[in-house]
Each structure stands twice: as C-alpha cells, then as structure tokens.
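The structure follows.
The chains carry the letters A, B, C and D, assigned in the order they are written, with residues numbered from 1 in each.
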Amino acid sequence: SRDLLADPAIDVISVTTPNQFHAEMAIAALEAGKHVWCEKPMATSQADAERMLAAQRASGRVAVMGYNYIQNPLVRHMAALVRNGAIGAVTHVRVEMDEDYMADPAEPFYWKSEASSGYGALDDFAVHPLSLLSVLVGLPTDVMAAMAKPYADRPARDGGRRAVENHDIANVLLTFEGGVSGVLMANRSAWGRKGRIFIQIYGSDGSILYDQERMNEFQLYDRAGNPANHGFRTVLTSGQHAPYGRFIPAPGHGLGFNDLKIIECRELMAAIAGEPAHVVDFETGFAIEKAVHAMAESHNRRQWMSAI
Amino acid sequence: SRDLLADPAIDVISVTTPNQFHAEMAIAALEAGKHVWCEKPMATSQADAERMLAAQRASGRVAVMGYNYIQNPLVRHMAALVRNGAIGAVTHVRVEMDEDYMADPAEPFYWKSEASSGYGALDDFAVHPLSLLSVLVGLPTDVMAAMAKPYADRPARDGGRRAVENHDIANVLLTFEGGVSGVLMANRSAWGRKGRIFIQIYGSDGSILYDQERMNEFQLYDRAGNPANHGFRTVLTSGQHAPYGRFIPAPGHGLGFNDLKIIECRELMAAIAGEPAHVVDFETGFAIEKAVHAMAESHNRRQWMSAI
Amino acid sequence: SRDLLADPAIDVISVTTPNQFHAEMAIAALEAGKHVWCEKPMATSQADAERMLAAQRASGRVAVMGYNYIQNPLVRHMAALVRNGAIGAVTHVRVEMDEDYMADPAEPFYWKSEASSGYGALDDFAVHPLSLLSVLVGLPTDVMAAMAKPYADRPARDGGRRAVENHDIANVLLTFEGGVSGVLMANRSAWGRKGRIFIQIYGSDGSILYDQERMNEFQLYDRAGNPANHGFRTVLTSGQHAPYGRFIPAPGHGLGFNDLKIIECRELMAAIAGEPAHVVDFETGFAIEKAVHAMAESHNRRQWMSAI
Amino acid sequence: SRDLLADPAIDVISVTTPNQFHAEMAIAALEAGKHVWCEKPMATSQADAERMLAAQRASGRVAVMGYNYIQNPLVRHMAALVRNGAIGAVTHVRVEMDEDYMADPAEPFYWKSEASSGYGALDDFAVHPLSLLSVLVGLPTDVMAAMAKPYADRPARDGGRRAVENHDIANVLLTFEGGVSGVLMANRSAWGRKGRIFIQIYGSDGSILYDQERMNEFQLYDRAGNPANHGFRTVLTSGQHAPYGRFIPAPGHGLGFNDLKIIECRELMAAIAGEPAHVVDFETGFAIEKAVHAMAESHNRRQWMSAI
C-alpha cells in the first residue's frame, strides 16, 4: 500500500505485481525517493516504460529490472570474454528460448493466450534473451519478425473452442551495430524444452555456446594451438567465475536458478551503494522494451523495423 | 566427352563437373536417352534448372540430384516418424548448417567469395538443409531472408585487400504449408562447426532433433507415459533403421559419410529399375532451386517472397 | 563449547569440526539428549563410529550424517525407479567419483597427503558414492580394493620432497546381495573432473545413468515400445521430482549444490518430528564406515573382504 | 581348403573361421609361407596362441590380428598424444566395453552362454579394449578379476531352463608398468549400450576421453592457459588425423565402422611391404591372450595374477 512510500525506514520497493501495475507503482516509488526493483517486463506499453525511465532519471534513484539470467557467473564470464576479444570480433549471433508449457494443444484456453496479456512468446519470453544479449553483445538495431500460432484455437473452459489471440512462437532476424547479423527464436510450445536459452556467439577468432538448461557450463572454441586438438571446450563453473566462490569453494558443484536471484539482490544493493554493479537498469530495460515492440510492429507490417 | 552419349553400353551419366556445365551436360545426356545423376546445385540459374527439368520430363528417364545427406538411415526413419504422426502435427521447424572453412579472416580471397560462384552460404550450403526439409517436412512456401558478410574484404593474393562479393551467412524466416513457421540458418564462417546440420522439428505431440556431426544418433521426445520420466531420447542407428543392417549387423557401430553416397547410388539404381526409391529427383531438385533463388531475391528486396 | 549441551533451548547439535572430534562431540550431545547432525565421515576409526552408533541407540535421539548428495530430487526419483522395478532386477552397478584437486604433481605436500588424515580418496571421497549406493541399490557385501598413488612424493614446503602417505586413487570390485556385481572408483587426481559422481545402474529391463556434474538431469533407458526408438532419455528435474517444486515452479530451471543442504536440513527436521524422512542415519552411516574400512583392509591384504 | 596354401598366386590368408580353427589354419598358412590376417580372438587356448606365435616367428611372414578399433584415426592420434606427453605421465586408466545383446533375460540359451565358447564377456569382448590399451598405454602387468552372471539361467530351446555356463560381466583391477592403476569393465548385458568402448586416460598434465559410440570425436583436457577457460575439448575427426583425409576432404563429416576395416587392410599391406604399419601383430596378439587368460585365472583363484 501507499503507506510504504511514506515510511522513511524503507529504501527499496520491489515491484512484483501483475504487469499492468508496474508503471504506476514504480513511478510512485521513485517520486517518493525510493529505489526500485521491478520484475520484467517493464510495462505493458512502450509509453509507460518511457515514463518510468523519465521518473528514474528525475529521481536520481537506482531502478533495476529483475532479469536474473544475466547474473549467472558464467554469463558474466562470457561477456568478459567477448569484451576482451577472446573470440575476436563478433560476426554472428543466435539465441533460442524454448519451453513447452504451451505445447499441449489439449490444454484449455487461459489468460496467457489472450491478446491483453501481450504478444505471446515475444514479451512473455524473448525479453530474457534480449537481457542476455544486452550484456553479451549489445541489443539489435534492426529487426524483422514473424510470429506464429502453432494452435489456432484451444478448448474453451465453457465448452467449444476459443481462438488463440497471440503467438506462442516468434522468429526474428536481427542486425547489430556494424552490420553483424543474428537470429532470435522464442517458442513456448516446444515439446521437451524446459528452460532452454541456447546462445551461439561466433567471432573472428572463436565461438561461444551456452545453454541455460545446463547453466553450470558453457562452451568455448578458440583457434589457437594445434589444429589437431581444436574443439569446443566444456567449461564448468568454478571459483574462477565470480561470484561462484561466494557460494561454493569447490569447482563444478553447481549453482541453481534461485542462486541467480540472490546474486541479483546483491548487485542491486551494490548499485544502491554506488559501487559497480551488474544490473539491467531502466535505461537498458527501456531499450529491451523498445526492441520487443519493434519486433511486434515488424511482424504486423511484415517489414524490417528500427529497434532503437 | 560426347562420345559417351553415343555409347549404347552406357545407361547413366554422372555429372560432377563445375556447376556452370550441369545444365548443358544433363540435358544432352537426357536427350541421348541416358539416366542422369547430377551433383548439387542443379544449375547456376533458375532458368537452366527449369530447362533441365523439362528435358527430364520429355525424356522419361530417371534424373536425380546428388543430395547424400537424405540417405542417412536415421533421416529416413525421422521422415517416417513425422509422416506417421509420432510427434503429432508439425508446429515449428529450425535448421542450421554451419561450417568454418570461411571463418578465418586472414584467409586470402579466392573464388568462393566471388559473386560468380553464387550467393555464398545460401547455394553453397543451404541447399543441403533444403534437401533434408524436402523429405522431412516439405519445402517452405514463403521466405524472408537476410544474408550477411562477416568480413567485408579479405587479403588479395596480389597484395592489398579485395571486397568479398557474396555472403558467408544466410538467415531465413520460413513459412510452410498450413502456416507452420520455421527458420533456416547457414553460416560457412562459424568457428568450431565442421559439418553441423542441426535440425529441430517440433510437433503437437513431441519433438525430433538431429545433428549431422553426430550422424549415427537422433533425439526423440514424446509425451507419452509417466511425465516424471519424460526427456529427449538419444537413439543410436541400428538394424531397425534400413539399410543400416546391410552395412553392419550390430547396432550402434556407426556409418560414415561415405556410406551415404553408397546408399545414394543404390537408390539411383532402384529408381532406374522402377522400384520405390529415396531420391531427390529433378522435380524436387528444381523446387529446391526455386526456394534458394526466392531467398536471394527476398534478401535483395528486403521483403517476403513466395518460394513456390 | 559444552555449555551448549546444558542449554535446554537447544534441540540439535551440528558437528562440523575436524573428523577426529566427531565421536566425542556426537556422543556427548546424544548423552545430553540432543539430536545430532554430523558431517561425514562419521569418525576416524571404526571403533569410534561403533560407539557413536551405540550412543545413538541408547539415547533414542535422531542422529544423521551430512550426506547431501542423496538429497537431490533426482536421486530420490532414481531410487524409486529402482525400487519399483522400472529397470527390472539390478544386474550391475558402477560408480565413479572424480575430482582434480590433487591432480597437480607440483602442488606441495599438505595434510591431505598425510596418513593421519585417512586413506585418501577412499574416505575423503568414496563415502559419498557409498551414501548414494545405500539409497539406490544398497551397500556392497564384499569388496576387493586396490589403492594407488599417482605421485609417490610431492614438493615439501621446506624444500626437498616428501613421500605421499596415502592414496589419491581407489578402485574397488564390489559384490552386492544376491551376487550382483559392481565397481567403485574414486580419484582425486583426475584432471578435468570437478565434481563428477557418475553412476551406472543396469537392470534386467533397463538402465539408469547419473552424473553429479549435471545434477539436474539423469538418463533412463527402458526396453518398452518400438525398438527403432529406443535410447537413453535425458530427463530434466521438474516438479515431478519432489521437493523440486518447493524451490521452483517451472521445470528444468535447475537446483544447485547448496539447495541439497537445505533439503537435508528439512529432512533432519522431519526425522526429529517423527515423520518419514530421507536421511543417512547412524545405522547406515556406520555401515558405510564399515565398507570403507573393509576396502582399506582388502587393499592391504590384497584379498576380498566382507564389508558387513 | 588346403589347395589355397599350395597356390603361389596367393600371398595372404585371411582366417575368419570359428575360433577353434584359428590355430590350425594360421599355422598351416604360415608354414606354407603365406602372410596371415586372423580374426580375434587368436585362439581358444593360450597354448594354441603360443604355437601360432612360434609359427609366425619361424616363418618370418607377417601375421596380424583383426583388431579394427585401433585403426580409428582418432585412436592413433590419442596414442600419439599420450606418447608425446600431451597429458604428462599417465596416472590412471579406465576402459569400459558394454553392449546389450545378452541383456534380455528372456532370450533363450544359445551357444554364447556355453563354456565351450569361452569365458563370456572377457574373451568375447574385453580383447577389444585390450587391443586399444596396447596402442594407447600398453598392456597391464597384473590383474585381479571378478566375473559375474547377471542371469543364472535362461530359457532352454526345448523347454525348461538351462544354466548359463560363462559370465556376461567381467570387472578387472589392473596394474600397469610403473605401478599405474587401472580398471577394465566389460558387460554384454548392459541395456542401452550398443557399441560402447569408453576410455578414460588420466595424466599428470591432462586427460583424454573416448567413446566408440561416438567414434568421430574424442575429448582432451589440458591444464595450460587460463584456468577460467579450462574444460574438456570435444575434438572432431578431420584431415589432421591421418588417414581421415584419404576418405573425406572436409573435417567433421565422419568415418564409419566399416572404414576402420578398410584402414586395417591397408595397414596389413603396408606391413607386408615392409613399411611402418599400425597393426596388432602376433606378438601383441599373444600378449592380449595372456592377459585374458590371466584374468580368468584370477577370477577362479580370487587373487591377483601376473598378466605377462
């Protein structure tokens, strides 16, 4: 309730309400001088997201989005590898996000298939890969999307069938700064996929692969050394990848999904303390929103759109 | 030489010359009453490919394309699974073909980067995935392509640098009959990939995965049985997958790339004998050519194109 | 300090001191009417472990060992599969535990290589696989062990070299009840292995594979259905495998190593509350100790030993 | 027939008859001045194998065993890596050979379960891993074996049940020169395994892994470079691994099981021509036989035996 905003003992407001309330609550909190930790997506419209960003800028407070996948120590490490040129200049990027919670055609129609809930896979889902791209290689500048409905309708709860209003599948051609090409694919009706976010980053000197379903390892190919021994190396998380060592002293013992949220919380506190922090702030959060809306617009117009 | 065409002892002409000679030679052979076994791609222009198809139709002879990947017993088996509804109705398809023979930016310019050699990854490469799609799920009806150059220029042999004229990367949004969506990606500059053709076929009841770099296995997910034990099953080739048993009695011992060519040859002979055969005939070969040219056109116009 | 034992507000004593103090502290706690949660190994001698078990029996208190690996929801699930006959009668078992913290021959001699710290890989390590065997298939009845030193000596901290006093490698032939055969291998000098515990359980109707380095998946082979589709299924953790759902609602998102300790704590509390619980109690803990000492004795005598 | 031996046009005799005829035929061929290519195992008794070796020595002819797995270009490459110190000094070795052709307990008794056919997994099977060990790290000097019967009896063809006379499972502790430890496991009743020969070679600077079911790749771990990027590298076969390039110009396209026999034949011809050749000659073949018989004897006596 609004009483919280008046309480001087409270420094941070965590917004985890349904998406349509994010804008109002985050803006009120920022205006009351609170820091904000907001679950994704930022808002249900680009205009709202823009107002949230404006409120953050005006407030001078810290406002971050709850994109937890970027907090994996291996994701940070891969970002550093890319940044430091370990695979040379990036030449191509692919990212796939797939789950199967909408895969069963016999599953009755529910709110996830309503247009009011969003575009479907694109904003329910593809925002996560975009948050990862934002830290790994940057966000795309141009997009060409095609969304698809694997099932045109579903059993209605009151009998009969009801037309599905949004898209469980989204496929997007991407262009990044400097003309680098990429593809983003999201499918929430992909049988067998449970938490897959598969990223392929190709560079002029090597390649990086990562699959969120095996979040404690990534693969690195580099072309140094004897060609007879070249291959993708499967690297297990360890104390070499901060802040893994804060959780477990021994290498290869594995973090879990929930540990990522713990790291995210710690990073939020670092940001508030004015220290360097790994967060998706409202600037980047808004850029992700813009990309998503550009993709949806691209699908509707069947043409390339600027995403920036 | 043309003497071969007059030799009544010769039944079949195998065309393995550079691409620009395929049309002339195949047509001459068909007109001389010979069967034709033509390496891919069919021709360097769609018009030539169309003339080849016309010649085949007029001749009544057997004319097949040398697409060997379709001959893998597991590919046949996967095609049968799809056809027989093992994964239900197909809902989404992805195919990636990646190698790294153009990945080194220091590699000097050579004919593969000349426009006269073709579009680049698209026809050098993507024809193979298309041949696989043709047997697994059918060819796309509409395409939206974006090609990319990872390296704008390369060292010229005579010093200085020379602009790359075609595209080592091709990304294509696909629509199949009935509105099923798909994506095709081809990259001949993907460090670490050696012979990857990774196919993902999602259906309403399950999924199929296949990677040509591990051509003796595929993965099948089906949603039957106890959900606590659901998962992708890694199936090894065996006598259950004809004609593996003609090569090796024991399961899981593995065929090689060259064995596929042997099977292809056997299938050609079956086709000539009038028996049922697994071949990419000139009808399908021409359909593949049309799809490739539609993709290139789509890239140039930056818009969706019909591929049929 | 001993004051804790007199404090009536304290119900449970957690013993995490160096191994040589386990016996004294656990026995004192039990005699003071406290429940005990004791880190592995139970004690430094079999006699001490036996006294601890006697103290627990006399006290009527709950006393459990801190074997966390057994708490993985997938381990419980695999145990249920074995128990319920999903793979038929068990015919063969292999378990390997490998890490590389002693793999570097240039690493100076430290206490882990002293005889006073124990046998080496066997008690530093192999107790974990034994705890897993205890819940999956039961403990072995007979053992034949061979331990080995990959490095006879190591750099001494004060210069020169010092002889390694225990064994970084242990290999053990196992016999289980009913004559089922098995092998246990432990190696703490295995370059590249970070937290590997690879278990293979073969049965008359199928097989189970598990690797602790990928603790969120296991593999199941069963021979039901169409042989053309037989294969090892990679099953990802999900709400189907209790208590995963208490941590994460979505399947395949992954638990971490530390989550296992949380589950262990919850199970301890269940045991204290008199509810059914998944714990390694002092009975089983003592049986594991006996097996380890039998293995060491077997190595010394170079002959088969009873482990029960 | 014996006429072949008198035919001067014949240089080489290939012995592929049932095992009990190997000795007589190979010796006759050698005495007739022919080279010999003998399928494994060498003979049904150690005495016969010894006579074969003596005949070869007396003849000065080339006599090789048909161990095809060693002909994999990757096996040769791994052997060179070990020899050249790429993983330092070998510290530990494990090899597993598993198939499932005896896994079904309902399969009726047939000759493979008769004592007269041999020890079971040990000679039916384990000779292959031994041939691989012979080229990779050398043969063991001492062995301690335990064989097991997963099924005590099987349905008899004439009704009732018949006792199984040999062992489908063999587990063997190994000692190599210099005290290096190892384990050999063979199981022909392992559901789900089709052609598995999994080899783990640990050294003081790295490790090598290989699985015959994925014969076109191996894994290499070395501890050079940045520890944050250490991991097992999956290396695909390529022209870097002779003689792969004689089969396929492109890397990663894969050889098959039958290609290994082609290479074996070529190596035999090289040996006959007096060139360096990769073969298992009768010297090594006999050493393998001795190891197998020592293992069987060790099982019977339940004690360590010398294998040399």
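Simple rule for what comes next: a residue touches a chain if its C-beta (ideal position, glycine included) is under 8 Å from a C-beta of that chain, and two chains touch if they have at least 3 such contacts.
Because the structure is a prediction, the values reported are computed rather than measured.
J.: Which of A-D, A-B or B-D has the same interface as A-C, meaning more than half of the contact pairs match by residue number?
T.: So the equivalent interface, with over half the same contact pairs, is B-D.
J.: Count the residue numbers both subunit A and subunit B use at their shared interface, divide by all numbers used there, and answer same if that is over half, different if under half.
T.: Counting which numbers both chains contribute, over half are shared, so the two copies meet through the same residues.
J.: Compare the CA centroid of subunit B with every other chain's and tell me the farthest one.
T.: Between subunit B and the rest, the longest centre separation is with C.
J.: Distance-wise, how many Å sit between the C-alpha centres of subunit C and subunit D, to the nearest whole number?
T.: Going by mean C-alpha positions, subunit C sits 34 Å from subunit D.
J.: Just how far, in Å, is the C-alpha centre of subunit C from the one of subunit B?
T.: 51
J.: Counting only residues that touch at least two other chains, what does the list for subunit D look like?
T.: Residue numbers touching two or more other chains: 193, 217, 230-232, 236, 238.
J.: Mapping chain-to-chain touches, which pattern fits: line, ring, star, complete or other?
T.: If you draw each chain as a dot and join those that touch, every dot ends up joined to every other.
J.: List the residues on subunit B that touch subunit C in their complex, please.
T.: 77, 81, 86, 217, 219-220, 227-236, 238, 240-241
J.: Write out the stretch or stretches of subunit D touching subunit B in their complex.
T.: Within the complex, subunit D contacts subunit B at residues 99, 101, 193-196, 213-217, 236, 238, 247-248, 250-259.
J.: Can you check the complex and tell me which residues of subunit D touch subunit C?
T.: Touch list, subunit D to subunit C: 87-88, 91-92, 94, 96, 103-105, 144, 146, 148-151, 169, 171, 173, 175, 179-183, 185, 187, 189-193, 200, 202-207, 221-223, 230-232, 302-304.
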